[in-house]
Amino acid sequence: METFVVFFLNGLSYGLLLFMLSAGLTLIFSMMGVLNFAHASFYMLGAYFAYALTGWLGFAAALVLAPLLVGALGAAFERYSLRKVHAYGHVPELLITFGLSYVVFELVRLVWGPSNVDYRVPEALSGPMFTLVNAHAQGLSMVWGSGDPALCSAASGNSCNQFPLYRGFMAIVALFMLGSLWLLLTKTRIGLVIQAALTHPEMTQSLGHNVPRVMMGVFGGGCALAGLAGVIGGNAFVTEPNMAASVGAIIFVVVVVGGMGSLAGAFVASLLIGLMQTFAVIVDVSVVTVLQSMGHPLDFEHWAYPILKITISQMAPILPYLLLVLMLILRPKGLLGTREE
Amino acid sequence: MSTPTSSNGFALELRDVRKSFGKTEIIRGANLAVKEGERVALIGPNGAGKSTLFNLISGRLPITSGEITLHGERIDGRKPYEVNRRGLARSFQVSNLFPRLSVYENIRCGVLWSQGAGYSFWRFLGDMKKVNDRTEEILHMIRLDKRRDTSVSSLTYAEQRALEIGVTISGGGNVVLLDEPTAGMSKSETARFVNLIREVTVGKTLLTVEHDMGVVFGLADRIAVLVYGEVIAFDTPENVRANERVKEAYLGSVLADQQAAEAGV
Amino acid sequence: MSQQAVYHFKPVNLGRWIVWTLFALILFVAPKLFTSSLSMTMLSQMGIGIIVCLSYNMLLGQGGMLSFGHAVYSGLGSFAAIHALNHVSGGGLNIPVSLIPVVGGIGGLIVAAILGAVTTKKSGTIFAMITLGVGELVYSMSLMLPEFFGGEGGISGNRVVGEPFMGITFGPQTQVYYLIAVYCFICTVLMYAFTRTPLGRMLNAVRDNPERVEFIGYDTQRVRFLSFMIAGFFAGVAGGLYTLNFEIVTAEVVSAHRSGAYLLFTFLGGALFYFGPIIGAVLMVFATVLLSELTKAWLLYLGVIFLVMVMYAPGGVASLIMMNVRVAAYGMLRRLWTSYLALAGTLATALLGISAMVEMVYHIKLNEALGPQMSFLGAELNTRGLDAWLGAVLLVIVGVGLFELSRRTFVQQWGQIQEEIEAENRRRAAL
Amino acid sequence: QKGETVKVAWIDPLSGLMASIGQNQLKSYQFVAEKLNASNPAGVKFEIISIDNKLSPAESLNALKSAADQGVRYVVQGLGSGAALALVDGINKHNERNPGKELVFLNYAAVDPDLTNSKCSYWHFRYDADTSMKMEALTTFIKEQADVKKVYLINQNYAHGHQVAKYAKAGLARKRPDVQVVGDDLHPLAQVRDFAPYVAKIKASGADTVITGNWGSDLALLVKAANDAGLTAKFYTYYGNFGGTPTALGKAADGRVYQVGYGHYNMGGVYGQLLTDFKKRFNDDFYSAAVYSVMVSLSDAMAKAKSTDPVKVAAALEGLKFKTFNGDVEMRKGDHQLQQPLFITKWQPVDAKNAYDVEKTGMTFGLVKAYDAYVSSTPSSCQMKRPS
Amino acid sequence: MLAIKDLHAFYGKSHILHGVSMEVKPGEIVSLLGRNGSGRSTTIKTIMGLVDGQGSIEWNQHKLLGEKTYDIARLGLGYVPESRDVFPKLTVEQNLLLGQKPGAKGKKGRWSMDDMYQMFPRLKERRHTEAGVMSGGEQQMLTLCRTLMGDPDLIMIDEPTEGLAPKIVELVAEYLKELKRRGLAVLLVEQKLTIALDISERCYVMGHGRMVFDGTPQALRADDYIRREWLEV
């Protein structure tokens, strides 16, 4: 039970982080049809800007300013680069973001050096939010903060699991993102304008909509979201030049599994993937062990042994890709998507 | 080319065909039997389901219930390419071509299957005399010889429509479905197209949708009227024109008469 | 009219013979001109790259299928080939080394048949995403299955096995190069031939308008699937050649990185023209092998080149060439050469300044151990001194300024020429 | 050979996952070369030519070709056994096919035991201790730790990680059969972002000790997640000192991270001097001390062979006994594996005895135990083919 | 209010309009006739800023050439393209919603959504359908209404009756007159001569990118030469 709760919380909070990361991408992908390969680069920029700003103005200021800066850069990129290739179709758009990701990577390395920077969680947000105590006498209980050290000491025989405060903070920001995006998309016409412009840009302009500006806004907004995720993910994990590459592919999985164009889908997919990956880690089962428990041990020499001996927990981090492939084959629209292309 | 004849003499037959999208039923039990070699025009108000009916016949959409036969053989439930291989060709209301290929290649694509090229990747197109001759022939028929190497995107609207018809008939299907072939054309062009269509469908069965009564009366042996997903009349042009229900649902009072008059009917 | 006759006479075929002969000739003499062992490996890799990029373009350019996982087919082809090679050395198999690439091809074909059955069911973004997922899966699996993929060290083999045939052992790189060149030539011809077959043409049709294809008797999925397998075969052949060239195959051959490189450089070369990927492959080898050796800032250069190319020449290098060929065909290229000279000169000046600055920054960041002195294109620069920086800035300012001037004249000239060509075309059409 | 310039090609990553480590190592080589150029027994001048192999085996082979073209005869590499294995293979073939242009491979960090066992080569010399040797030292240390009862293995799912797990299990079974291995996890290389579930799993298993061969972000993230979840188990690592990781460890990991290596930050002597100078110059840590051994032995061997000819130098290197930062060491003749002492250190705040501040964290790796070379020496199955 | 003088227009390098001049006065229905390819659509597109032009286009003292399309639209010009261009993935209602110009939300325009539904009940029936699957004729109705939602002072309609049933065509003619009654000016490009001549006050005939006729419908009906040379076979 205790383990389950801990895993569930971990899965949930990881899922929320994934959502944070992919929210901006969903926004851009669904509205502009651009597969922004540089999204993770903007995430990285968010982290580095936050690192630089924290040292100067403090974390709170960084939390606000870094995403704005990243958003401005994104908008500028849209204005001076992406827009030029828009007319040539989606492949060039994708490639130009590809190129951008190289440039950002190199510049970051040049400016901040090739290894980790010391960007850490601010004091006020570090430490545990609550502790799950499994005491022999009372069963499972929850204590705010780190709990009484005596309660968790080895001598007491109780086992404790702490849930970091920062993860709670992360979750709140993710939910805030979800809420504001949802408002933006449902309460304004921006979403409609962009979808219209996607198929018929000229017509949309003929109806009096300033399509270029809206596009720039959306791209900048999406990048700002990535930047915000960077501010928060950068210190939760490590801030280094490879951080972009390491999340690059997974966020595409989230967006696609959720259904291209569906914010709710991205949300559900993030949680699903977060939980799935987390729980997969505890499942030390493989075809070999299953066969064994059924009384048919597989010979070590069997040709398929190497494949069949891989346990689900070993596969955990690649399960999302499996999910992606299966999802696209069985339900190309994605979980909550409406469009096929 | 000999037209295969079916047991009952009908090239195309629809029996109680129904189609719903979600809860709305668009085609509500349509019945139609087109004889071999006959030219039929399908008219009806906007949204009556004419294009939908074409989509059902050509296999683009599955029918909800009913039966469609081509030369006596059931074709409902088949994929579009299977229906096409059995001799049914169709055009589209909005030009639906291969934009990056030249005019010549567009037609050649249409010709390939019927000349047995299949999926082969061991024979050169250049060496396939039958294919190329047939392509030239069609090109000539639709009078685009001069534009053979132009890419589709730089054709004028009328040329695109002509090519649309060319691609449709190039496969040699003997039942041809045309969806508003002359829409958007000026009067002179329209007249030219009526002739063109007559010419290229000699010996074939034709089913065409049109809103221009001039074309309809100029082309059709019989007219079917589709209203709200049902065929409410299927008769000779004269009788259809006189039909009060048709007048009320579709023709209106002035325009149709004028057009018909101009076409000399 | 005689004009008419000229029009119908097709001199194209003669031209084609010349082009192919020239291609063969280049393949033949290249190693005579560039003899160092690095240039030999680079030439070999270009030959391999040409095959892969052409096979990739079968999907991208000709079929409109954006694949993020093409390395899976070339890579698994490589693995098939290395296992075959080792079986040959082990005596379990008896095929000449020169046919090992075909084994790779068959490997690629089989993998493409299995995976393609799934992926080609869809098109567009969905196809792209499936290939991305499949690519990641295969790559991850390759590290988890050391039994087949050899783990981190990969699997190595020795190409010098079996009886030498007419003294050919495939030991020296030159012999391997010529094997690659022969395969490269044959594959290029075959893939070109493919574009002239019914399937090749229908692949274009499917790219342009899959919906309509269904109404002229073809099954789009079938067309995509068959072409996908053929592309897989050629990718596999390239993979097999890779095996012979490096004699070691590691998991990186199936990595997303590789797939990405194929995509990028095919596009950069020009996906719209048959020969575009050939240029792309040559650039790919220059960029990854040579550029990274010449400068530490190669990734930056590469990224920037990409941005610029995609923005200003979305048709790739090939389209730039073809635009000029068109001008030349109307006999007007002569008028441009001064402009080109000016453009090149000013651009070179600006680039010299920019790269000097980039290199100095990198030197300061990475090579401090060697002191502030660095050599750049033969010149000694002091990265701490003001003069080097000032000089570089000056170069940039002068270069960019003059470039802008010559660009304006050029654009004007170019526009003029295009207009004249249009007019000429209309005149000819009216005849 | 006096006054001759010897070109040494450094073939390691400057881009990709290990770029940051690579840049540090390149600087280390340039730095040591400069020191030795001032004076060395052979009186030669070293010139380091750096070639980025992007962590790729195939690119390493390209780099090798290019190095050979530039007249290089000595190759150093270390980051990634994959590239090392490719290089060994490539050099064997090169030397066979190009007599008179032999290349010698000096490996300073690639630790796959195969390199000095089944895949051993006459042209390859290793200056780091391989996975099995380090594990030998670690398990000997654990043997003396009574509080170790439950051990958890977590490693990257590739050759290196597999080997760490394998040798750990074997070593523990031999030396501490009472210790229970409560978990043996493999996760993909550099793909895991959230280690929280792994940490929760470790916690649930009740492990008091974690052994991991992880490096780079895989180690940093693992320890970070452990800190967050309040996991108090001790971590026995191979690469805790690699650039960036100490920063990630931070104060929170105080006393919980052990590391095995051929040297340590607070050993003073030559290494102490190198560390200080390097830090002053680059504001970075000189963590791969093997670089020094490589260059010193190379110069010694040249002096001994009285030549810079790689064939003669290789012969001189075999069985060479030389003095380096961690004492008198020997390049074992049978497999070309350097026999040197190993040290167990612990992550702790700087104090009087352990004064070297790592990455400005206020922390350092303090010595807990030193082992002589024989302790960690492992037998080799190498059947060296020597050129006749 | 709209005055065009000596307008030249280009698609890339090909010169399509060769000095077109025309004008539309407030509350007037003007039709622009000509064969396929004579440049009528191009004229309208140039006015909307969708094609590059040279010369002068003036609209209530504003120079339109060089302005951005959306600014031109906001000045009160409405455009209904011949290619229909409904937004296929949006519903009918969303399409209409997009017709409203940004910033004009509060302001009450001449037309409401209900007016549109009244005009074409068929649209109301299908208002939650994706516009892309609607029948050709329905799409035609939708584009007309969508532009009206933006409350333009001049509406330029390119072949509004294409693909409409004869009865609906008559209806459309009625509506155009209704628009005029509400004070709109209409610039109509039409193939169906009967209708065009019936409802318009003045007409222009184009040929090969030039104006070849300018006058009343009566004059055109009377001018056999123009009709034969520039309109019929």
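By written order: A, B, C, D and E. Residues from 1 in each chain.
One rule holds in what follows: contacts are C-beta pairs under 8 Å (C-beta built on N, C-alpha and C of every residue); 3 or more make two chains touch, one makes a residue touch a chain.
Only a predicted model underlies this, so the values are computations on that prediction, with no experimental measurement involved.
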>> Quick check on the contact network: minimum steps from chain B to chain D?
In response: 2
>> Among all chains, whose Cα centre is located farthest from the one for chain E?
In response: D
>> Using C-alpha centres only, name the chain that sits farthest from chain B.
In response: D
>> I'd like the Å distance between the centres of chain C and chain E, where a centre is the mean of that chain's Cα atoms.
In response: 49
> When the centre of a chain is set as the mean of its C-alpha atoms, what distance in Å lies between chain A and chain B?
Replying inline: 51
>> Measuring centre to centre with CA averages, how many angstrom lie between chain B and chain E?
In response: 30
>> Centroid from C-alpha atoms only, then distance chain A to chain C, rounded to Å. What do you get?
In response: 33
> Among the residues of chain D, which are close enough to touch at least two other chains?
Replying inline: 23, 157, 186, 188, 191
> Which chain A residues touch at least two other chains?
Replying inline: 113, 314, 317-318
> Considering chain C alone, which of its residues make contact with at least two other chains?
Replying inline: 140, 144, 146, 299
> Considering the complex alone, what residue numbers of chain A touch chain D?
Replying inline: 3, 6-7, 10-11, 13-14, 17, 109, 113-118, 120, 128, 131, 146, 152, 159-162, 164, 166-167, 237-238, 240-243, 246-247, 250, 277-279, 281-282, 313-314, 316-318
> Which residues of chain C touch chain A in the complex?
Replying inline: 60, 66, 118, 121-122, 124-126, 128-130, 132-134, 136-137, 140-141, 144-148, 256, 260, 263-264, 267, 271, 297, 299-300, 302-307, 310-311, 314, 361-362, 365
>> Show me the residue ranges of chain C that touch chain D in the complex, using the header's touch definition.
In response: 36-38, 40-42, 45, 140, 143-144, 146, 151-154, 156, 158, 171-172, 242, 246-248, 250, 252-253, 288-289, 292-293, 296, 298-299, 366-370
>> Going by the contact rule set out above, which residues of chain E touch chain B in the complex?
In response: 34-37, 82, 122, 126, 133-138, 140-141, 159, 162-170, 191-195, 231-233
> Residues of chain C touching chain B in their complex?
Replying inline: 193-194, 196-202, 204-205, 207-209, 211-219, 222-223, 226, 230, 429
